[in-house]
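See the structures that follow.
In the two complexes below, subunit A is the common chain; its partner is subunit B in one and subunit C in the other.
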Partner chain A sequence: MPKIIIDGKEIEFKPGQTVIQAARENGIEIPHFCWHPSLSVSGNCRLCLVEIEKMPKLVISCSTTATEGMVVQTQSEKVIAARNAVMEFILINHPLDCPICDEAGECKLQDYTYQHSVGESRFTEEKNHKEKRIELGPNVMFDGERCISCSRCIRFCDEIVGEKELTFIKRGDRVTITTFPGKKLENPYSMNVTDICPVGALTNRDFRFKSRVWEMAPTKTICSGCARGCNIDLWTRNNEVLRITPRQNEDVNSFWMCDNGRLNTFKHVNANDRVSGPHLRKEGQLIKCGWDEAYAKTLSELKSFAKDEIAALASSSLTVEDTYLVSKFVRSTLNMKNFDFVRKVVAGSGDAILIREDKATNAKGFELMGVEPGKSASGGGLKFDEIISHIESGRIKALILIEEDLIGWNPAFEKILSKLDFLVTISTNFDASTSFANVVFPASTYAEKNGTWINFQGRIQRIRPAVTTIEMERSLDGMSQSRWDKFGTDFDSWGKAKKNDARPTWKIISGLASAFGTKYKFTMAEEIFNEIAHTNPLFTGLDYDVVGENGVQLKTETVKKKVTI
Partner chain B sequence: MAKKNRLKDLSFGQRIYITEIAKGLGLTLKNMFKPKFTMQYPEVKFDPPASYRGRPVLAVEENGQERCVACGLCSRVCPALAIEVQAAETENEKERYPEKFEINMLRCIFCGFCEEVCPEEAILMSKDYELAFTNRADAIYGKDKLLTPVSRLQDRINFVRQFK
Partner chain C sequence: MEKIVLPEIENFHQLDVYIQNAGYEAAKSAFTQTTNQIIDTVKKSGLRGRGGAAFSAGLKWSFMPKNNDKPKYLCVNGDESEPGSFKDRQILERNPHQLIEGTIIACYAIGAKSAYIYVRGEYHKWIKLLQKALDDAYEKGFVGEKMKETFGTDFSCNIYVHKGAGAYICGEESSLMNSIEGQRGYPRVKPPFPAQNGLWGNPTTINNVETITNIPPIIKKGWEWFSAIGEPKHPGTILFGVSGHVNNPGVFELPSGTLLTDIIYKYAGGVIGGKKIKCVIPGGSSMPPLRGDKLEGVKMDAESLKAVGSAIGTGGIMVMDEDTDLVRVLARIAKFYYHESCGQCTPCREGTGWMLKILNRLVRGEGTSKDLDLLITIAKNIEGNTICALGDAAAWPVKFMIARFREEFEAVVKDEVSLEPKNKVHSMRHTANPIAPVQV
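Moving on, here comes the complex of A and B:
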């Protein structure tokens, strides 16, 4: 491999790489605004200037291709002076409104001003005034004054999404960004521009002014929006999820995620309709009761039905651990065959970028784990459609519905569920389906439990708890903590955040199993995963540490290798 | 047993103490007629100098506009985690304002870091030192108790500006 010398350090690079790429891969950070690893080179911010031997002037490292034997200086006096000058120019018209700006704390301009600027401005004239608070689209707000014209957002729309929506207008210091006439920034990935914007010019309208970034604690987890399983950070403060940002994973989602995932997959976690504590239907009303009472009631009711009169339907967004224990419970403890998962495929809703038609996060996991009717040891059971038609004809009288709102998914199921004699649901929120339930067990959401999901590629990825239930404690459970989480007491308002009495589905199932006389000796999700790893050859050699932050591709024949975005 | 020597042998006059008592009483008598420095608190209130760090307050302009933009720096710098701020959007030119601003006076240590870090000169240490509460909830001061007209804080503002 050819070699290049950066700051006296000899490093190898792949032919065709630019200087900034070669430096970045070897841990040398060259400051930059307009360059982005996934976007084309624009070269307009001029901050990545470096000195290269035998070149008459400083050159921008983002568009200079590395060549054999090149000697690059990124910290020489000349470079630092040039960098200071560039920073001074950029800051001429940039308003000093960091206290108001949402980007403060994760702003590249702020960071570089500390690192590479002289700290004083010689500009005494009036700063340029531009339009503020422009709604570029339903989810993105634009502040013209803060924009440093790096053009990342324009290039993102053109190159990644392929929809030309944004452009520069005007010249010189009056240059600003706008949408094309009659257009809005409303592509399904529009909010990624708020992440790549190096300053606070483009802000997330859903999150605007909700919290300062340093007040929140990020948790590395997976988006629950579709079968893609984009890697995300879930940002929490006071036990409340406030926003989601994508986390880089070149095998799954690169730097991006869709707006639907970002906006609609976390609001139910802190919603007022969360189920807290088990509920029993008494005189037509769902009344809160104790766990033992709910288990006993479920046991006595289910025992009054014949085996083929009971069915179980599970969401295909259950974690691998939940799936394993649910299927074990249904097949061996209940000795039942009628068990299937609900497929949530919306035809035509997917695209070639990230969004998948399959809206469930672990459908592949169900397939790979063999949780399909007809695959059980004791012979074929009923499939989803057959279970529904059997309920309709009255042959199935009791149903266990796990983490799935059938009616919310398809209102036509309302008349099906109303025919049941007995319905047990394991639900995160009160919904249309729980209104027919006789027993409701409170389930933890994906933001409150440990587990794994297998995405459509067959890649196993970890979800981690970001919000606590009453059974959890941030420091003891190793969850990420903000300064306020660490030092708060019960007497501080941030220590009094709402916590629900909910349990992960595997824990509810294991409680139910012990009511039926079968004891599972699992105290945490990791133990279930280890058992799966020992019994299922597909998972051999895996544990939570191996799966890690970026997931592991399972060795399945059906799975395509790498996708490029 | 050997006689223990004192560091200094007292004279007869000193040993009977009468002269010393008379001297002491004389000093008391002298001071009785000198000007008095004791303050008759609480009948008479102490008026602290501008450098005094009383409880932190939030400045409001004459037109009723709060100075605070809810940047959260005071909350971040507070070593005792006494301050909690929740921002929200307004139509004003400064598009951010504190929807909630609470200082837990049981946590506050009157260090004045919040005042020092404030970019808007909004949080200032007042001269208010009479703080007493009978329960924890009363100790949390919300915006109703914190907002103070700028005119009443001018003294402190002038003092703070000397060091900028």
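Moving on, here comes the complex of A and C:
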């Protein structure tokens, strides 16, 4: 491979790479605002100016192609002077409102001001004023004064989404960003501009002023919005999820995620309608009860039905671990055949960028693990539609509904569920389906447990707990911690956050199995995963560490046919 | 004295008069030569671009790729927006057919099937005149499909007049191309250069109107003739547009290397009221100004002006007499570049406004001598660090005007200097701990 020398260090580069790319791949950060690895080069911020031997002027490293033997200086006196000058220029008209700016703490301008600026301003004139608080679209707010005109947001809309919605208008230091006449920034990916905005000019309207970023703890996990499984960070403070940001994974979602995933996949975690503690229906009301009481009630009720009068339906967003144990429980302990998962495909809702028509996160996982009717060892169970029609005709009288709000998904199912003699649900929130339930077990949400999902590509990815339930302890369970979490004292209110009495589905199933006389030895999700890895050839060689932060592509093509549970 | 670009022939702008004077003969002879021969002739003639940078025209043409299936384009730059520059307008008015003929020859030489003559939007009248000439040339079969028959060649090209919309920056070659494409007038990052990646991503050459107008005589009379005119390193005649405090302002076509003092006193009629000259800007408002007491022996060509610390630019000579307030002149020039900065890249976008704010303060008498050094620093920080040359154009007048006329500026600033900046902030650099590398 050809080599260039950056700051005296010889590094290899791939032909065609620019200097900034080559440097970045070798751990040398050349400061920049407008350059972004996934967007075209615009070269307007001028911060990445470097000195290259035999070139008369400083050149921008983002648009200079590396060539064999090139000698680059990123720290020479000339470069530092130019960088300081650019920083000074950017700062002269930039408002000093970091204390009230949402970007503070994760702001490139702030970071570079610490790293590369002289710290004092020679600018004694009146700063320019521009329009502030402009609603560019339903989800994004724009502050013209904070904008440094790097054009990342414009290029994102043009190049990644393919929707020309944003543009510069005016000239010189009057330049500002706006939407085209009659247009709004409302593409399904609009909020990514708030991530790539290097300053606080574009902010997330849902998150604005909710929290300083350093008060929150980010947890590396997976979006629960669809079968894509975008890698995300879940940001929590005081045991509450406040926002989601995408996390780079070039095999899945690059730097991006859709607005729906960002906005609509975490609010149920914080919601007031969370199920906390098991509930039994007594005199028409769901009343909180003890875990043992709920298990005993479920046991006695289920035992009163014949095996073919019982069915189980699970969400196809269960984790691999939950799926494994649920399947084991239903087929071995209950010895039932009528078990299927609920497919959530919305035809026409997908696109060619990220969004999938399949709204479940682990449907591929169910398929690969053979959890489909007829695939179990005993064979011959009923499919989803058959289970529904059997309930309707009264042949199935009891249903175990796992992490799925059937009625919320399709209101037509209200009629079906009302026919049941006995309904036990494992639910995260009280919903339309639990209103027909006789027993409700409180399930942890995806934000409160460990586990794995297999996305539509057959890529296994880990979810991690970001919010604690009463059985968890943030520091003991190795969860990510903000400064608040780390340094809080007993006197701090954030130590007294609300915790729900909820458990991961596998644990609830484990308790239920125990009531039926079957003991599972698992104490954590990882142990279940390890057992799967030892028994299912598809998962051979995998463990949580191997799956890691970015997931692993399963060799689904070769092993698929042999798999059964 | 020979006039190459603006011959003193009555009604030369009319097609029949132009034809009577051997018009379109150069094109005819060009089509009997190979493109390499033409490029070679232009190269040897020493013709240098008249748009400001004085780059060899033949060399520029030779950058156009030969073995490339992509369409090629020629842009003729008549945006002429630099204050003090008004010479291309004379060509559009008095000699449009020579421009058209030059365009045809240039198209043939570089292999372009389409040429755009980009004229600044404010030139309504001259756009009409050029369009009229072009329509006539089309009608007579000198341009377009019919030229194959007229010239007995299998080459043909089309010429379009493109009207600018009033932005100085669109005279910069790459924003000119963006403007033609219908994009925002933002200069492009170079490389890639237009010869590789120009109009719509295709190989493109951009020449100034005056440069192109020089082509037909060079083809007709040969490079030896042309290279013998004026200064050997910058041969030919140059259109000097003289403005300011002179008795007879106007455009004068003179051999390169003519003495600046001759231009002012012999051709432009000397300074109004016989006053002394305080300052001359020799090449349009962005070029470094010269002191009035240092004009003796200054020759007007690229190399000679470089030697005295200025540049030929577009040959727009602005003469200022001894009573001129240079602080206000500089503030006005700074206002122009502030107003015309496209706002794409940081140093120019922010720096032009900052310099103007300080200069306005100086004009109001609220400046300090520290401001003068600050102005020079800002200018130096802009210079060379921007995407296009507008940064330099904005920086040079400030940098050189203050450096060369410091006494004028010292006279209006207060001596008392507060060393403390008004908005001194605590220096963060010294308190901050090293922080982790910044994520993208």
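Going forward, the second predicted complex is superposed on the first by the 554 of 565 C-alpha atoms of A that agree within 3 Å, B and C clash if a C-alpha of one lies under 4 Å from a C-alpha of the other, contacts with A are read in each partner's own complex, and residues count from 1 in each chain.
The rule is short, and it goes like this: a residue touches a chain if its C-beta (ideal position, glycine included) is under 8 Å from a C-beta of that chain, and two chains touch if they have at least 3 such contacts.
Keep in mind it's a predicted model, so treat the numbers as computed, not measured.
Once the two complexes are laid over each other on the shared chain, residue contacts for A:C45 go to subunit C alone; subunit B is not touched. The larger set of touched subunit A residues comes from C, when the choice is between subunit B and subunit C.
After overlaying the two complexes on the shared chain, residue contacts for A:H36 are found with subunit C alone; subunit B is out of touch.
Of the two partner chains, subunit C is the only one touched by A:N93; subunit B is not.
Applying the stated contact rule after C-alpha superposition, one finds that A:F180 touches neither subunit B nor subunit C. Listing the residues of subunit B that touch subunit A in their complex gives 69-73, 75-76, 81, 84, 87-89, 94-96, 102, 104, 106-107, 119-120, 136, 140.
Subunit A meets subunit C in the complex at residues 29, 31, 36-37, 41-47, 49, 57-58, 60, 63, 82, 85-86, 88-90, 92-93, 96, 108, 111-115, 117-126, 128, 148-149, 167-168, 170-175, 248, 255. The touching residues of subunit A, counted against subunit B in their complex, run 97-100, 104, 132-133, 208-212, 214-215, 483-484, 487-488, 491-494. Subunit C contributes residues 167, 169, 184, 189, 191, 338-347, 349-354, 357-358, 361, 374, 381, 384-387, 421-430, 432, 435, 437-438, 440 to its touches with subunit A in the complex.
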